[in-house]
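Here the chain labels run A, B, C and D in written order, and each chain numbers its own residues starting at 1.
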């Protein structure tokens, strides 16, 4: 399997949180971010976030910059979360004007994706959810989300839409919170260009098994379109570099991506709050991913199938140790 | 809303765990358990667990005992988890003989449910999952689960089957782990007699919002068939009495049960490890449930709708405080 | 027990997070925040955060404003976390210049607290911790923290220092992460003016029992100095209004505060991201706290002692239901 | 560092849980367990659990069996949790007779440890805690625990007592729940023979960092006496084989054990519920531990110190990858 690596531009950015609002490191221009990206061997794609890296005025210029720097535009992340106007919801907001705006922002992203050959947008409805009890008519919220996503999918069948789920943050509860729930929505709409962006950190937060999430999306509609890669300690969305916490689950994940024929991007989505050297962040991330992928490639498929048939976990451990260390 | 309360017989049993295998309190006969149940005002149904309370030899006698004691049989829980033979899976085991046995055990439960007028079984595939990475062919496991459930659903369309999910325990990862995932499976099979048993503690463990789980099952197939009620501290399946930890979420839950037209049992599923007085356990549980239900009933529907429209969480808090305390 | 209620000024502020950096609601002046606070009956104290509400230039003017508005200054939160310079640590940073600066900022806060009669500061070393493995010499970090806190405690024995702990955020792991760990540090230094600020949300995140945290601080050094009050779903520091998620644990908490003779402030520490009406936020918070405190006051001490002696959890549930509802 | 590996005998046992009370695999005699242990190269010690593997009648015979099989007795785990009589507490039970019994059981274990040259017992007060609110006089419970532990420590100063903590299970909240809390108790008593048994899975459940727990015990009293090794998914005490889930944290853990001069046992504490081949379980566990320890040994101490001084997490990642893979 030849892997295409990309990075959400935020990997190379100055990152803030609710305490340090100006960010931990120096402000960085998009030029600086691209210059850093160019120093990362193996990185061939860039994702941009609406409201942070692009807007209606600069979007074509930014994409040209990306192309000129030698990168493909891997994905456009629509501008539906980096602005207070979305705080009470986007596609599923109670305010019909906001719902309309959110649909429009996704269509704008789709148009950019279409005109630049990227053909892929990934909306993340992180504000569509609830904080407190008795605040929400859940069923209306579902209906609005379904209607909005369907309208977007119909807007341009040639542009893929990969829906990103997350259990919580910024809302205390995000409506589309797991692989299974994303599938419920996507399969109810059932359009060929509508699928899922698996942010593996979001799945980890939710107690999911990464390889199993891949299998689930394969079996129930073949919906995996895109990957956002990072690692965390399971409790929160730490957005640390892939491989810094888990190891064996990554190998299984790569094995199942290959087994199910995934051919999309492997995109870094990291918030390197305190790391001043962003090039090192991306390099270390790719080094781990290559380590895991190589181990997955070394696994003998017949041996793996025999283990699956027996369920022998200790044989699996031995196989994994060999795959990682017997080179 | 007139609520029908039942209890899984385990509420009145001596409960064990992996450290204290003989159980914390004295061994108790089924007679003693029923005698205790009779002292709980408002309790009108009993659920029995295959392998613990019933087997092929005694099942008709046990149901007669239940009826003679003045209770309805609320649900039969098939014998697919209380025996080591199921340790490596039931409907989705790699061993075809075990899969066949599991289907047969569910059919036996269905036949009992049919012959006794209960017409309801609730299989819990707690052993169908995985512990270690690289141990499982997830897709085959899904297929087997789907085939098995479908065969059971076809066995007798007059008997409702409510599938119970849980994130983990006994397997480190249980395959059907959330409301959304249960819906994926149930809706793929799509039989009118196949739905879901919501164990609210399992939903709490998984970070779900109880009222939202009810709404989700309503919107995506109208699949809520049965309820198992208990409470926990969110991290594990503590099986404590309902209301002992959470309060407001229960009120919202009752509100949405009524709003979506739930008319099934409200069944206690508690492991009272260290409580010697099992009557008190059930009484306290019902007292909390009645408290929450009464509060939900006192909520003005127009006021609630207005809050849903505005999303005003503070207005919701004030409304809840009134509903609970202004009597 | 007469309770003194205060609020960290952030309760009345526009709150941001890492996605919506400008905050969810309109920018608000300190004047506006105080004007809101004045509308909250029962609120008599205000806490200010160094770097957000005060700095070396305006601090005396701000305190005068607080006093003029009819409030006491309840606490000064030293400026050691709201600036990128602290990102790699404060009292326990590897950089000796930063450690010196952090000590100085706490002393500046202490001097302000002394000169204004508040006599209380609450440092929160949220940046003293680690994100990745193998990044930290933990023992040196402990020594630096101990030295820094001791120097601060010696600076002015008339000013109380309440150390605030938290399991994580902003660091993935914060060094002082629990009541017990805070006690380890505070008791090693062992100065009468050094104690603990219990942020109950931080304790909830860490799986602690609130009443037990109070008991622990009583038994091991009598170290509880201050309270920060909010609520969460246990997984993260949601900073929601007290009582919005839990109920019974609050009653037990109030009971133990009274039992152990707590006589400090009951201070709201809420991030009301999406609530535009900040007055309602504080009012609802106080209404819940008064509800729980009144229930705690209604509990018969002899009955409680009898339950403690028997461990009878069901009797405790009945007692709590009476205390909450039989008025 | 020459590592001494041992195993709690339960590694080779038939394991049960609350659903499958008879255990998942065949019943196994102690002879079979020892015969299995003999097939595990590198294993030189065995731990026994009072109530499961030893009792007052057979204890000398069992120890002789262990010695005859070529093993040292690594630790005696006192009989204070595997019997319903302890369900409401042991050293901190409200019943003074139970407290006396618990002290006696620990002394019996100490006497056995003394007479057999093992000189080490590890009490785990897993039942000393609480399930429901308002059930417990926490301060009395602390006092009883302190008194009981002190009496045990005084019983024979030549026998080390390593106290084992755990956040929860079997009690919903266990009183001694973290490294820091164990240190609070142990340091208050302050006897040279009283220290801590770090069950790394219990620390993982509690969100601790393993290496940091080692550092904490070094700095605050030099209290680390013993290790129980296993792995889990962080949420619950899965007791899986070490290395099956985490990798880098194990390397850091081994590095800090060496750095702080740990010279005790590395003892496996695994519940291999569904693994029929117990020899494979122990072999795989040791293979991972040796892998991590070798990586820790390969780390250049000067390089590590330089990283600690800089806090450079990406340099740490590169160093770890080299240590694991450049052999």
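Heads up, the rule we're going with is that a contact is a pair of C-beta atoms (placed from the backbone, for glycine too) under 8 Å apart; a residue touches a chain by one contact, two chains touch by 3 or more.
Keep in mind it's a predicted model, so treat the numbers as computed, not measured.
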item	value
Graph distance between chain B and chain D, where chains that touch are linked	1
Chain located farthest away, centre of chain C as origin (C-alpha)	B
Chain centre separation (chain A, chain C; CA means) in Å	35
Mean-CA-position distance for chain C and chain B (Å)	39
Sequence positions of chain A contacting 2 or more other chains	88, 131-133, 168, 173, 207, 233, 235, 244, 248-249, 274, 311, 313, 317
Chain D partner contacts - residues on chain B that touch it in the complex	15-25, 81-84, 86-88, 126, 131-133, 168-170, 172-173, 233, 235-236, 238, 240, 244, 271, 273-274
Complex contacts: residues of chain C adjacent to chain B	207, 233-235, 241, 243-249, 274-275, 277, 280-281, 283-284, 287-288, 291, 311, 313-315, 317-318, 321, 324-325, 327
Chain A-touching residues of chain B, taken from the complex the two chains share	88-89, 94, 130-140, 142-143, 167-168, 173, 175, 177-178, 180-181, 183-184, 187-188, 206-207, 209, 211-212, 215-216, 218-220, 248-249, 251-252, 255-256, 304-305, 307-313, 316-317, 319-320
